[in-house]
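Below, each structure is written out as structure tokens.
Two complexes follow with chain A in common, the first pairing it with chain B and the second with chain C.
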Partner chain A sequence: MKSKKLISTLLLSTLVIGLASCGGGDDPDDGGDGSVFDKFDGNLEVGATIKVVENDTAIKMGYLDELLDAFNEAYAEYNITAVDANQGEFADLPNSGPYGYGPDVIYQANDVLMGWVQDRHVTPLPVEKIEAYQSGVIPSAAQAAYQAEVGGVNYTFGVPLNIQSPLLYYRKDLLPADWETTWDDDQNGVPDMVENLVDLYEFSKIYHEQDNTKYGFEFSLNDFYFSSGYLFSYGAYLFGDNNRDDTDIGLHAGDARYGVQVLRQFAAEMSAACIDDSAKLAISGSMASGKYFSSVTTPDVRSVIVSTLATTYQSEKGLTLEEATALAEENVIGVPFPDLPANGDLINPSDEMIECKQMGGINGYAMSSYTKYPNASLAFINFATSYEMAKLREEFLQIAPARSDVSAESTELSKQLFDRVSNGSIVLMPSIKAIDQVWTPAGSFMGDVAADSNRGANAKYDTLDKIQAALEQLSQDIYDAIHLLDR
Partner chain B sequence: MKRAFRRLGIKISDSWTNFINFFKVANTNTKASMSLMGLGQFMYRQVGRGIMYLGVEILGILFFAIYGFQWIVGLFTLGTVQGDPWTGKQGDNSVIFMLLGLMSVFLLILFIALYISNVRDANNTSKLVLKGEKPKKFKDDLKDLLDKKFYKTVLFLPLLGTIIFSVIPIVFMILVAFTNYGEPYIPPVLVDWVGLENFVQIFSLGEIGPTFFKILGWNILWAVATTLLNYVLGLLLAILLNKKIVKGKFFWRLFPILAYAIPGFITLTAFKFMFAQGGPINNMITSNGGSPIPFLTEDGTWWARFIGLMINAWLTIPSVMLLATGILSNINSDLYEAAKIDGAGSARQFKDITLPFVIFATTPTLITSFIGNFNNFGVFYFLRSTVTTEGYFVSNDTDLLINWLYRLSIDNQFYSIGAAISLIIFIITSSISLIIYIKSPAYKKEDTFR
Partner chain C sequence: MKTMTLNRSSTKAMNYKVKKVLGAVAIYCVLIIVCAIFLFPCLWLILSSFSATGSLYDTPGFFPESYSFDAFIKLFTDTANHNYPQWLANTLVIAIFNCIFSTLLIIGTAYVISYFQFKARKGLMKSALVLSMFPSFMGMTVIYILMTQFNIVNNIWGLVLIYSCTAPLGYLVQKGFFDTIPQSIYEAAKIDGATNARIFTTITLPLAKPIIVYTALTSFTWPWSDFILPKLLLIEKDNWTVAVGLMQLGQDEFARFAAGSVFIAVPIVVLYFFLVKYMVNGMTSGAVKG
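So, the complex of A and B:
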């Protein structure tokens, strides 16, 4: 990745956009408060050292080194250097930035980065100087994830780069031998049980009957990042006004109770490991051993599942590591969440199916408000979110890009995720600080729902009315956690 | 209350009268030190002391003129200009203001103490001179610091460390309890003083008050139960392994020591894994046809409490055993011989010799153990931090006050409420500790076993 041509193109495009916008006084995003953007005067700070916080996987897989080398080479004439901030992927900007030792540029999920907006730890970006925005390749939903209104003015705080969302992973080699005739009613070449939850429910029962130590579908319901999509699919939402109004908690809205019922019914076909983190922690071993036919996790975990399965293949089938890894890669398949019955009942499902939504996030770059080098940092963000670097990132890390031009050349799954973000099937994590108050109570509630099938006559969620009351209480608890101490 | 104020008034009046009397009888040199630190010492030709006191005054005045005064003002205002990191506008950081103000108050107290010491010193020297003795030289003072007053030399650094690393943070925490520091009042937003509002909120607001009392009740039960359990079992284990009939004592003592040597969080993580819903214990139960037990889930309140007690016993008993083993070896065996001759059986010997001796020697340890258990953060944080319980404000029914404090302060950034709870915890634990200690034989019969 030391192509001079690539670097020259990037550098030129960055400078052209930067210079072209320097004279512009009609800044649509500055809301009349030009002083916020005064620091972006286009004069690169010669000799600057930019501290970059990156994702651990990007560091481990060598992508960050590639990025830093390419940037440093491109900006060598300005003596600008980008370095790994070495502050861990969850850099504590609020506690390090104000005291002068925080990072300059941070790559993180939108909920984390936008959680720092209210206290002004990340700075608004002049989007007219950023190539990714100017070229129109970022879908509006992803842009919205980095926008917030502060003091009546709408600002943009980050540049989207990747889509992250949990997926359903299954073992292709554990499908019934005759699945193409028995489990593919629509003859589309995709097994029905990974297309809709009703069939997965039926398949799970059969899978468990064949061997009572095995489960067709299992995941940790107490991880609200995984389980929230089932509620969203039936009309629930986290915060009102497109996830901006933390006074309106909507986990009980619409027919959210159906989503809880669906999960409660399926939990009865899962092991007790679905109640807490056990299923999540055991996912690679359990999928490799066939204990789980399918599960839910984030794409970064797939590589662990593949390598564990490869080890299993090596010992079971006597394959070489390369052969075993290739086979494992072929057999661990990720798909969006299966569709749900419109009536929210797996035991007596309706014919009508609805798309299952899933929670997701947009990872991107943002700039610390405390950076001494705003122009050099902006140049870095521009460079790192360019088409070439986004493509390279996708090749290295195999994660879905948020740029339409890179996504168009990507895998089918990446394209699916991109489309789901664009059409709202992936519900992006709210970009307000109040999201911190959601995870623990909502996760604890879902864990309690998962445990309900073991309670027999003492079940707490065996009717839709009980579920509705519990969801209303959950919304109230979250509201209280956010607002009870308001002064 | 009225009486207390009257007493205080009398005390102040007496102090003022004493000061006036002192001023009247003080000689010229003492009065000189009152007007300028070190002047009296110079007049007695105590040049070294004079330079030191004068230096303190000059440095003190310079410090308070340049920084100290404005820092103390800052402690009251907590800043007046709000910064804006977006525009680079420098503002006041209330937390830094509070810290610097606090430091200035401590330095002011130190300055006043040195001023009084300077007057006393001049007065003492005048008394020596009146007796016909010579004023002490600076090198005599230095010699004293290595001889008669060596304890001061040795204790200086620990005292300084305690003030910087313990006293100032504790006072800082106490001050925070009277502010609105916490979401959304976090620097760069200015923090303000709110008086007793945080305490009023804890005891009166919505679910916070009931949650506080529910957690406090469990916290006291936990602290008493786990302290007694660990103490009794540790002592019994020590006595058992102290018996002559036990063969291979070293070998048997090794096991608890191994449990003690493994870092607590590793042990806790292992126990959490074992008792997880999909963990080995539930796996064994289900593979034998049973139903999984909700050990640590929302339903598992008493299971989780019991497991917490057992895990804490696992972690703590070895240290109690080691302590008791050492103490038991100090009991004079003649006491047992005499008891035997007098016809006392093993139980009587334990009740009248072993137990009083061990309790006497370990009461301070018991108190620290009680406080440690009252504030035992790790056990339930590791076991159940992902669980919340209905009716508990951002907490669950196995959380101790310290866990709730963590959730409020760190997870939810309600720093001032957290500080107010810390203060309440401090008052509870210090009161209980003081009462136990004063009532204990270790305090009442201090000389018994000397």
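So, the complex of A and C:
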């Protein structure tokens, strides 16, 4: 009896201690209007240490060190220090933040940052205290990427800094020697095959005929970030109401079927690597060896292609590393996606061409809801998104700025990307959580389309009607996935 | 008649020899195939670590087309995002301290359970046996929450604490070893007036050398290759262990991943070669109750 009492007491104590231990964790702010901005009272938290999550490339290229040094010097009188959060660019704010181990400030793409809004892991920002917003240098499309309605109130959750979008990369040194006379009809100094998809299609056939192990254009069609632009160009959209209404899925809208047809036709001139991630993962080696004349990828991958090509040049041409790298830098060119035939047919193309849209994102800074230093963090965000730092960032990383004043002084490609965001040719990734339900079904569908060109009589998407039906089913599947628990 | 019998027996002997040789050939063939199956992934990993292109997807077949030391050089020089030397140092610190603390605790637990007879002994043994049957990742969430309360998340000493504290649950092999030491030795020592501490230090420990080496080695290798717990508890990159850090490398950096994997295997392989004698002694002595 005595021992039973003792065991009961012990168990009860364990339970109480255990429950008491589980009570911790910081709560994010309540998000209600009024109180949410009270913490931004302008009083800098003296002695604060702000943990900043940055892009891996920015760390590698030394930009983060420059930024932190400049900020720490500017705020030395307040004894405020910004440091690398040292958690990798994909810091797990939802899991580490509530326990006090998360970063204070995060640089990420809009879809990632805004995906955390619903669970209130990032805090709304007072735009009237942010220089980038007040000076009117951020295009409205980029601003919208960081806005969301919470509790009936529209808030801004981040400050745009860069535009990210996939590009078509090609090898200049693999162009035909006489391209200026044979592949530049408009004599604008840009090869026709990287200006429009019809010529790229023709060139790919020739390139493959010369050596059947090589392909003029190859990319992973199953990556919907890369392939969605072809559908958008003909009228498709992801979500209605400017990508905010997840009850309206529009991948079958307009003439989206033309975009699928174009990709299906081109897939016949690609290798099987276009069906899955193989082409994407092999891009650096394949472009360096000349297996691919051109491909689609994001700008951060360019440096990998350049370094692999430099290694190839070193062994093939006997160059030094510096010479080889300089040559590779010169020969790997990135351009926006080539124009498309208005009738969506590469085999019998119309004369009229339309601009090819592409999906993109806006990278920027946001603040953790769990930060203990909101004013110091806001000061850091203001500092990091200022004209001077945005310009320095562009110089270090060659990434398209989202500020109009920096873009105006930037490279031609950066200006093109800025313009494409402003005029809607770059369709920004939706800033709602429902986007998570799009990538897998849409990617699988596009992979199936890529495989379809080799199915012969068993083809599933060989007519526009079949493609339309499949797109409608895809939209329905995505809708069902998003709203499965609503029923 | 005699010749016939001789012929018959010599034929039998021949058949037996042929059968024996064929059997040996068959066994060796099977062993060679099994070895090849087990060695091939290692060979592939080692050769991939010397790949000049670096990406797994650039190789046309199984093996790289060109070779270089770049991946190994990068491993130790390109530390801006992937600080391999730091990860290696962290792993080493965790493994060494876990090796020390765990060995002390396991040997102590096993000796006490084996040598002393006390009231809760059976109950403790049964509880330990049952608890050790649960997979360690079952308690991950609880461990994470408790560690946050003690404020030792993102701290390599937190890992040492967990590894060391849970280690005594695996005392059974060591207890088996201590059970083989004859009681008469202890009794003789007691008659000579030795205390329990003296018996343990001057009699048990010298006899238990193989099992101590075995325990130390297994305690060292466990955190060396563990992934789940460090991934859960170590948040900042500079605190990561090699297993966690290597997982963060991009898919186009496979050569670097392979180089890191090959390099981290070296200390373990060297240790095994030096201590394999003790390992075998420890395992066999502990496994068979005398």
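Note that the second predicted complex is superposed on the first by the 454 of 487 C-alpha atoms of A that agree within 3 Å, B and C clash if a C-alpha of one lies under 4 Å from a C-alpha of the other, contacts with A are read in each partner's own complex, and residues count from 1 in each chain.
Methods note: contacts are C-beta pairs under 8 Å (C-beta built on N, C-alpha and C of every residue); 3 or more make two chains touch, one makes a residue touch a chain.
These numbers were taken from a predicted model, which means no experiment stands behind them.
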For this session: Check chain A with both chain B and chain C modelled on it and let me know: fit or clash.
Result: clash
Problem set entry | First (chain B), second (chain C), both or neither touched by A:S35 | first
For this session: Could you tell me if A:D448 is touching chain B, chain C, both of them or neither one (first, second, both, neither)?
Result: first
Problem set entry | Per-residue contact with chain A, leading partner among chain C and chain B | B
For this session: Identify the partner contact of A:A282: answer first if only chain B is touched, second if only chain C is, both if each is, neither if none is.
Result: both
Problem set entry | Touched partner set for A:V304, first chain B, second chain C, both or neither | second
Exercise. Where does A:L221 make contact in the superposed view: on chain B (first), on chain C (second), on both, or on neither?
Worked result: neither
Problem set entry | Partner chain(s) touched by A:H121 [first = chain B, second = chain C, both, neither] | first
For this session: Once the structures are superposed on A, label A:K60 by its partner contacts, choosing first (chain B), second (chain C), both or neither.
Result: second
Problem set entry | On chain A, positions contacted by chain B and by chain C | 278, 282
Exercise. If you look only at chain C, which of its residues touch chain A in the complex?
Worked result: 52-58, 66, 80-81, 145-146, 148-149, 153-154, 235-238, 248, 251-252
For this session: Using the touch rule from the top, collect the residues of chain A that touch chain B in their complex.
Result: 35-36, 38-39, 94, 97-98, 118-121, 123-124, 213, 222, 271-279, 282, 369-370, 433, 436-437, 440-441, 443-444, 447-448, 451, 454-455, 473, 477, 480-481, 484-485, 487
Problem set entry | chain A partner contacts - residues on chain B that touch it in the complex | 84-88, 93, 180, 182-189, 194, 197, 201, 205-208, 276-279, 282, 286-287, 291-292, 294, 296-299, 386-390, 393-394, 396, 411-412, 414, 417
Exercise. Any idea which chain A residues touch chain C in the complex?
Worked result: 21-22, 24-25, 56, 59-60, 85-88, 92, 96, 99-101, 278, 281-282, 284-286, 288, 301, 304, 308, 311, 315
